[in-house]
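By written order: A, B and C. Residues from 1 in each chain.
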Amino acid sequence: MDWFFILEKAILIIILFSLTLFIAMYETYMERKVAAFLQDRVGPDRAGPFGILQPLADGGKMFFKEDFIPNSSEKWLFILGPGIAMFTALMTSAVIPWGTELHLFGRTISLQVADVNIGVLYIMGFVSIGVYGIMIGGWSSNNKYSLMGAIRASSQMISYELAMGLSLIAIVMMSGSLSLKDIAAQQSGSLMGIEGFHWNVFLQPLGFLIFLTCAFAETNRAPFDLPECESELIGGYHTEYTSMKLGFFLFAEYVNMFISSTLIATIYFGGYNFPGLHYLPGNWQALAGTAVLFLKILFFIFFYMWVRWTLPRFRYDQLMHLGWKVLIPLAVLNMLLTGAWMTWF
Amino acid sequence: MIEILFYVLSFVSIVTGLMVVFAKSPIHSVLSLIVTFFAIAGQYILLNAQFLAIVHIIVYAGAIMVLFLFVLMLLNLNKEAEPNKDIAMKLAGVISASLLMVTLTGALHGSVVPEATLAVNTSNGLVKNLGQVLFKDFVVPFEISSLLFLAAMAGAVLLGKKHPSQITDSEIQKI
Amino acid sequence: MKALIALTILAVLALFVGLLKSRKLLLPLVLLGLAGVLALVMQYGCQCEGTFFHQYLDESTYRNMFSFDKFAAVFAGMMLVATLLISMLATDGFIYNESHRPELFALMLFSLCGGIVMVGSTHLVMLFLGIEILSIPAYVLAGSNQRDSQSNEAALKYFLMGAFTTGILLFGIALMYGGSGSMSLDGLMTYSRHSEVSGMFKAGMLMVLIAMCFKIGIAPFHFWGPDVYEGTPSIITSYMATVVKTAAIAATFRFFAQIIGHDAAWMISLVWMAALTMFIGNLTATVQSGFKRMLAYSSIAHAGYVLIAFFTPSLQATQSVVFYLAAYTVATIACFAVLIGVQQQRKNDLFESFNGLAKTNPLAAFTLTLALLSLAGIPPLAGFFAKYYLFSNGWAGYPWLILVAIINSAISIYYYFRTIIAMWFHEPTDEPLSFSMLQKVVLLLTLAGLFTLGLMPGLLLDFLG
C-alpha cells in the first residue's frame, strides 16, 4: 500500500472540502452583493469592511437558533433529509480535474481526487440521488407545503436530468471517453490556430445552452426555483426546518451551484485550459490552470446570480413544457447532429 | 480487503432487503430498497464493473425509486393503509417461500460451478469492453430492445391518455 | 429478421395513421401489411430444408441469437394468419375504444413482433426480450377498455402475475448461466448432454420452466387465465388465446426439446402437470355459465393436450404440435368471432344468449358448431386429426397419459355441446344478430380452414416435411 498516495489524496480531499464550503459560504455574501448591485443598493456592509464578515455572522445565527423538530414528523427521516442533500452535493467534486499535474518531492500529484473512467456518469448518478434529500425532507415534515415543494423539486429534477444527460452524450460521443480528465485534457488542442482554445462550447453551442438551462433547473435556482416559491408554498420543502438543518439545505444549494459552475467550466469551457497555458513552466502550469478554472467558475456563479435577479420565475406548466417538449427534443437533435457531423466530417 | 468489503456489502444488502419486506411503512420499505441497490452497486464495483454500478444507481436509485416514492407520497400510504392479510395467506406464503428456499439450497449445495463462469475477466465491466460486447455479440438483442421500449411507450400513452368518452355528459352540457 | 423489421415498420405506420386521423386507411393498411409479411415468411419457410431446427453456429443466426429457421417460419406464419383474422374482426371488436383504434392495432402488431422474436430465439436473452415484447402490449391491451372495471382488473392481474413470472424467469436464466456458463441454446444443449450437470443449472431450468408454464397456462400455474380472459375485451382475448399461447408453446418447445428433452427425470413432473392441466381445464369448464369463461378453461385444457408432444421429441412430435395449434387457433378464432357479435348485441355471454342462433343466424351457428366440434375432436374436422396425430405420436411415451387425454376429450364434448344444443334446439328469445361483412368473411375463412385441415391434412403436413 502506497501511504504517500493515500496521504496525498487525503490532503487533496481536505483542501477541496474546505474550499467548497468556503466558496459556498461566500457565495451567500456574493449573492447579496450582486443583488444589491443589480438593484442599485448597497447590500450588507455592517460586519467588517464591506460586510465581508457577513457570512460568518449568518453562520453563527444558524448555529445558535433553536433546533426544532415538529411533533408530527418522521424524526429520523427529518434529520436524514438535509444530511443527504449536503452529502450528495459535496460528493460530486471528487471526479473533477482541478488542474494538470503537480511535481513535488519527486512525485507526480494529480489534482483530481479520483480519475474514475465513468466520471460523467458518476456526476449524473449523484445528481439523480440529490433528489432524495429534498424528497425525504419534504415528506417527513408532514406538511403539505413541504410535500408539494418536494414533489415539485423532484419532478423538476427528474425531467431536466434527461435533457442534461442527452446533451452530455453528445460531448461523450465527441471525446470518446466518460472520464472528465480526458474531456478536460482534450480541450487543450488548438482551434482556429489558437492553442488551448479547443473548447467544447464552440463545438457544441446547442448542447451548452441545453446543459446550462438544465443546470439551473437541477440546482433549483431562479428562474426555476419553484420548489421554494414563497408566494405559493411558503418556503417549499424546507418550510418546517430551522437552525442548521435549514442551513444544510440552503448550503447544499450553494454547493450545488458551485459544482455545476465547475462542471460547465470543465466540460464546455476548457476546464483548466486557456490560450498560452503550455508556455508556462512545470508546476506553474498546474497552478495557473487551477487559478483560471476558478476564475471561470466565479464567472458562472456570477452568471447564476445575474440570471436570478434578472428573470422572473417560470410557471410550473411552463417549466414542464420547456423541459419535455423543448429541451429533450433539442437535445436529441443535438445528438443526431453530432453523430452526423462525426460520421461525415 | 476485497473479501471483507464483499461480506460487508452482502450483509448490508441482505439486512436492508429484509427491511424492505418487514418495514411497516411503505416509505421505509422504499428507502431500504434504495440502500440495497447501493450495496449491490458496491458489489459491481468489486467486480470492476464500474459502468454497470453507476448505471444501476442512476436507473434504479435515481429514477425508478424516485417514482416509487412519488406515488407513495402522493397516495399518502402509511402504516394504517397497509391491508391486513389473514393468517392463512401468511402461512401459505411462508410455506411456499420455505419450499423455494429448500429447493434452492438443495440445488446449490455442493453444485459444481464451471470454469467458464468462474474465470471472470476483470476488465469486462469497463465501458470499452462492455461496448464491444453489447454492440458486437449482443447487437441483435440490443436493437430488439428498442422495439420493447417503443411498445411500452405506446402502451403507456394509450393508458395515460384521457378517454374521450370519460368526459361525462354533465361536462359536455357545461360546454 | 426481414419479416420482423417489416412488421415493426407496419406497427409504426399504424401509429402514424392515427396521427392523420384517417379512419378508412387504417384497416386496409394493417391487413395488406400483414398479408405482405405473411408472404415474406411463407416464401422463406418454403426455402428452408426439411429439418425444423437450424444447425447453429453459422452467421445467418445472428451470433447465435436468433434463428429464423423452418420452425420459426411455421409458427410465425401461424401467428400472422391468426392476427390477420383477428384484425378483420376489429371493426366491431375495437368499438369499445373507438378513438384509439390505431394505437390498439399498433400494440397488437408490436406484441406479434414479440411472438416472432420468441419463436425464433435461440438465446435466453432473446427469449426474455421476446416474452416481454409479447407481454407488455398485451397487458395494455387487456386494460384498454378503461371504462370497464373488469377490463382494468384483468389488466392488473395479468400485469402483476406476468411481472412476477418475469422475475422468476430472469432468476432462472441467471442460475442457468451460472451453472453452464452459456446462455445460447447450442451452448446449453452441449452442456446438458455432455457434462456433469450442476444443481445450479437444474434449479435455473426449473424456474425457467415454471415461468414458461405460467405464460402458457399449465396447471398449477393457470389461475390467472380465466379471470384475465374473461375481463379482457373479447377481441384481445382471442388474440391472447391464440397468438400469445402459440408463441409461448413454440418457444417452450424449442428450448425444452433441445435442452432437457432427452432427460426422463424432467419428464415425470411435466407428465403429471399435463394430466392435471387437462383435468382442471375440462372439469372446471363443465360448470361454467358463461361462454367466454368456458372457452378460457377449454384453452387451458388444450395447452395440456399439446404438452403430450413434449415427451416424445421427434420430427413427428414437432409436426403434431404445429398441426394441433393450427387447428386450435382456427377453431378458437371462429368461436370468438361469433362471441364478439353475441356479446355486443346481447350484452352478455351466457349460454342462453346463444338460444336459437341456428334459426336467426345460420352461418354463425353453423361455423360455431363446427368450431366447437373441432375443439372437441369430432371427425372429420381439423381437431380430430390434430388430436389423433398428437395422441398416436405420444403413445410411445406415456400411454396412460394418452388415456387420460382421451377421457378428457370425452368430458369436453359435454360442455361444447351445451352451446350447440342452445343454438339448435332452443327457441330464439331475441331478434337476430347482425354480422358485418368482414365478420362473415372471417367466419367463412375459419370454416374453410376447419374443413381443409380436417379433410386434407396432407397440405400442411407436406409443407412441414
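Everything below uses one rule, namely that a contact is a pair of C-beta atoms (placed from the backbone, for glycine too) under 8 Å apart; a residue touches a chain by one contact, two chains touch by 3 or more.
Because the structure is a prediction, the values reported are computed rather than measured.
S.K.: State the pair with the higher C-beta contact count; candidates are B-C and A-B.
M.R.: More C-beta contacts join the chains of B-C.
S.K.: I'd like the most central chain, judged by C-alpha centroids against the all-protein C-alpha centroid.
M.R.: B
S.K.: Could you please state the distance in Å, as a whole number, between where the Cα atoms of subunit A are centred and where those of subunit C are centred?
M.R.: 55
S.K.: Roughly how far is subunit B from subunit C, centre to centre by C-alpha average, rounded to an integer in Å?
M.R.: Using C-alpha averages as centres, the distance is 30 Å.
S.K.: How many angstrom lie between the centres of subunit A and subunit B, each centre taken as the mean Cα position?
M.R.: Their C-alpha centroids are separated by 29 Å.
S.K.: Per the contact definition, I'd like the list of subunit A residues that touch subunit B in the complex.
M.R.: 74, 77, 116-118, 121-122, 124-125, 127-129, 131-132, 135-136, 139, 147, 150-151, 154-155, 158, 161, 178
S.K.: Inside the complex, what are the residues of subunit C that reach subunit B?
M.R.: 8, 11-12, 15, 62-63, 65-66, 97, 99-100, 103-104, 106-107, 110-111, 113-114, 117, 123, 125-126, 129-130, 132-133, 136-137, 139-140, 143-144, 146-147, 177-182, 191, 195-196, 198-203, 206
S.K.: Over in the complex, which subunit B residues touch subunit A? Could you list them?
M.R.: 27, 31, 34, 50-51, 54-55, 57-58, 61-63, 66-67, 69-70, 73-74, 126-127
S.K.: Which subunit B residues qualify as touching subunit C in the complex?
M.R.: So the residues of subunit B in touch with subunit C come to 103-104, 106-117, 136-141, 144-145, 147-148, 150-152, 154-159, 161, 163-166.
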